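Chain nomenclature is as follows: A, B and C, assigned in order of appearance, with residue numbering initiated at 1 for each chain independently.
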Amino acid sequence: MTTATAPAFPTTWSRPPFIKRAWLRWTLYLGALLYMVLAVGSVEVNWMRVWEGLDRGLRFIQGFLLPDFTSRWEDILIGMEESLTMAVTSTVAGVAISVPIGIGAARNIAPLPVYAVCRAIIALSRSFQEIIIAILFVAMFGFGPFAGFLTLSFATIGFLAKLLAEDIEDIDESQAEAVRATGAGWWQIVTYAIQPQVMPRLIGLSLYRLDINFRESAVIGIVGAGGVGATLNTAMDRYEYDSAAAILILIILIVMAAEYSSGYVRKWLQ
Amino acid sequence: MAPVMTDTSSEQVTSGPVWRKRTTKQELALWLGWLVLAAFFIFCWQIMTKTTIWAFVYDAPRQALDIGSRMVPPRWEYLPNLLEPLWDTIAIATLGTLLALFMAVPVAFLAARNTTPSTRFIRPVALLIIVSSRSINSLIWALLLVAIIGPGVMAGIVAIAFRSIGFVAKLLYEAIEEIDATQVEAVSATGASKAQIMDYAVVPQILPAFAGITVFRWDINIRESTVLGLVGAGGLGLRLQESLNVLAWPQVTIIFILILITVLVSEWVSAKVRHAII
Amino acid sequence: MLRLEGLSKVYGTGDRALTDVSFTVEPGQVVGLIGPSGAGKSTLIRCINRLVEPSAGKISLGDLDITQLSRGGLRQARRRIGMIFQEYALVERLTVMENVLSGRLGYVGFWRSFFRKFPPESVENAYRLLDRVGLSAHVNKRADALSGGQRQRVGIARALEQDPDLLLIDEPTASLDPKTSRQIMRLIIEICDERGLPAIINIHDVALAQQFVQRIIGLQGGKVVFDGSPDELDADVLTRIYGEEDWSATIRKVDEDAEGTEDSAEEIAAALDRERLAGLT
């Protein structure tokens, strides 16, 4: 086949680089490398302290293998009760507020001023961690699950209203047009054309948010906003790792159950 | 499709026939569902507010005004003290994400149905690792790790990593399960080894998803690492905790502003990078 | 030489895909495998390189008993068997060159392949093959940037890069338009002729099979119901394979375009379309 007249073919090949401009490529590589070196270098580790800690780590793992549910059972029960009720009430309240805000934040149906306000609320809620909001609400409303309820409701708005607004912006225009063609008003368009399209996903997202709110409710207790986080924090402070492990195991089990059943509910809804 | 209408609308739209969206029976069930939900809400509300001191709640607007007035003007001179914690916060998020990747990738391959060595024994273990990591917030991980290896950036990095494993591994194993099997078959039909099949048929298919997930998680981790200092794990949260302890509200304002900017920038970066990949 | 003896396959689901299939493919012979959808054509082809594990029977390539091979032995045997797929099965996100070079994976170690440092003669051969299938201009493009016909050409080049002793080709044209189908079929046949390469080609398009191959095997319900030359395919045989139907249009077609060239491809395409509409596919 290879005759003298056959054209010569190259004998090497290398893959074209992902970033074509060489200078940009090398700048990025070197920049990343330099950052990594500096970042790793800036991490101060007290190896003595880590070494001492290994023993505690071991005790913690032991705690996981042999969790102690009994000694702090009363506290755990109260904490769990608060966490679960906080999760439910804040999800319901959060969803109820998210719906109008989500509609207001959808560019295709809301007037500009309303849009701007709603988007600002969403951005504010999304930018700050639940724990920061919780600190502020605890300072205003006092310790306890009420501050936690407000925190989680507020966080729910940022999450749900944003997704809801995006859903509404993505809806099938032709259906909205069909309703508009009948001479329907704004309110009718929302209920007949938009609601049926976004409702199933809204339910799914609400269930997902319930799950998140429960997980978060275990955290905000650290700053005094009620829930099982406070119990956990106390157990950790007292070096009761087996009780702490018991709480964590309960959290994991509840999250697993929630995930399993919400998957089930979502299937059932379809 | 004709527009669907419930009977609540019939008073406004009287011209033309009225379509009923649901049968009466379904409607009844729906109302019953709402009723149960409302009852459940009230029940939970009662339990939750058992210990609430309402006097504090009524006093809240005044408290809010009080705090608000103390938060302004922000203490701008405090800003230089925040640069090192800011660096630490970004380092915690970045190194924590990288550390998580090392652990999450093998877990994902063990959890995906089409790559796991054993669906019976290994896959459930991988799934348990994923759900445990996901169930526990990074702040709680930080709480544990500060107790174990002591306060500092290191605890933050490991906390972020532990929380991210489940997130990354879950999304990644779902991507692995979705790969096109015929591409894998085609490469194995050439006589390639297991490792080569991985490199030539599996990795190219999941790489975009992997990069997207990584950047997405990094963005979340920046947010989370701003507060890890509250429990002693380094970064901006450390300064926040100090300022709150002495009720230095003007400093708190500065910290909030810095957190807000950091979060917005990281969101912008992650959106840009994801856009470039896809 | 490929020999199948009493090959059977029952899937885990209980589907009996193949029953006691035996035939021999002589060196340099191109065999067309026809049959209705679900007849077991793909299963048969996949059993030969054991992408599907046969349930019973023996497959030998030369002196090698493929059914008895260990994992390592199977990898070595697969290097000698090139495969071309219906949906091309290219790795979409790799470049055309990487897809072609992946044909050499059985011959190089992991690290060489990882760094894409293939031996010079492999690279040279890949360039030559891409030139042969008319894709010299697309070497560095990603596979998902190509059209269907171009992708199948990459698929052909990948199989040939293996320097195989046998080609297994599963419906190479089923995802292509009629014109491109003929171009691809012609390319495959030419290449097999050039190299004296034996091949089994699954086609559900009878006219295409009749035009291009020397020998046709008809499969029905997992059994061989016809084995002979294309001219022996008459209405009777087709009925045995596909069931009752008016076959006159299909059979007439055979002499009509024996001279099919690229120029008249449009007309042929139209003819083929008519045929498809007649209910063959």
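Keep this in mind: contacts are C-beta pairs under 8 Å (C-beta built on N, C-alpha and C of every residue); 3 or more make two chains touch, one makes a residue touch a chain.
From a predicted model like this one, the values you see are computed outputs, not experimental measurements.
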Most contacted chain pair (by C-beta pair count): A-B
Chain at maximum distance from subunit A, centres defined as averaged CA atoms: C
Whole-Å gap between the CA centroids of subunit A and subunit B: 3
CA centroid of subunit A to CA centroid of subunit C, Å: 50
Residues of subunit C whose C-beta touches two or more other chains: 98
Interface residues, subunit A side, partner subunit B - complex: 35, 39-40, 42-46, 49-50, 52-54, 56-57, 60, 81-82, 84-86, 88-89, 92, 127-129, 131-132, 135-136, 139-142, 144-146, 149, 175, 178-179, 182, 184-185, 188, 191-193, 196, 215-216, 218-219, 222-223, 226, 229, 232-233, 236, 239, 244, 248, 251-252, 255-256, 259
Sites on subunit B touched by subunit A in the complex: 1-6, 9, 12-13, 21, 37, 40-41, 44-45, 47-49, 51-53, 56-57, 60, 63-64, 67, 87-88, 90-91, 94-95, 131-132, 134-137, 139-140, 143-144, 147-150, 152-154, 157, 223-224, 226-227, 230-231, 240, 244, 256, 259-260, 263-264
Residues of subunit A that touch subunit C when the two form their complex: 1-2, 6-7, 9-16
Residue ranges of subunit B touching subunit C (in the complex, touch as defined): 180, 182-183, 185-193, 195-196, 199-201, 204-205, 207-208
Subunit C residues within the subunit B interface of the complex: 49, 51, 75-79, 81, 83, 85, 87, 89-94, 98, 102-107, 110, 113-114, 155, 158, 162
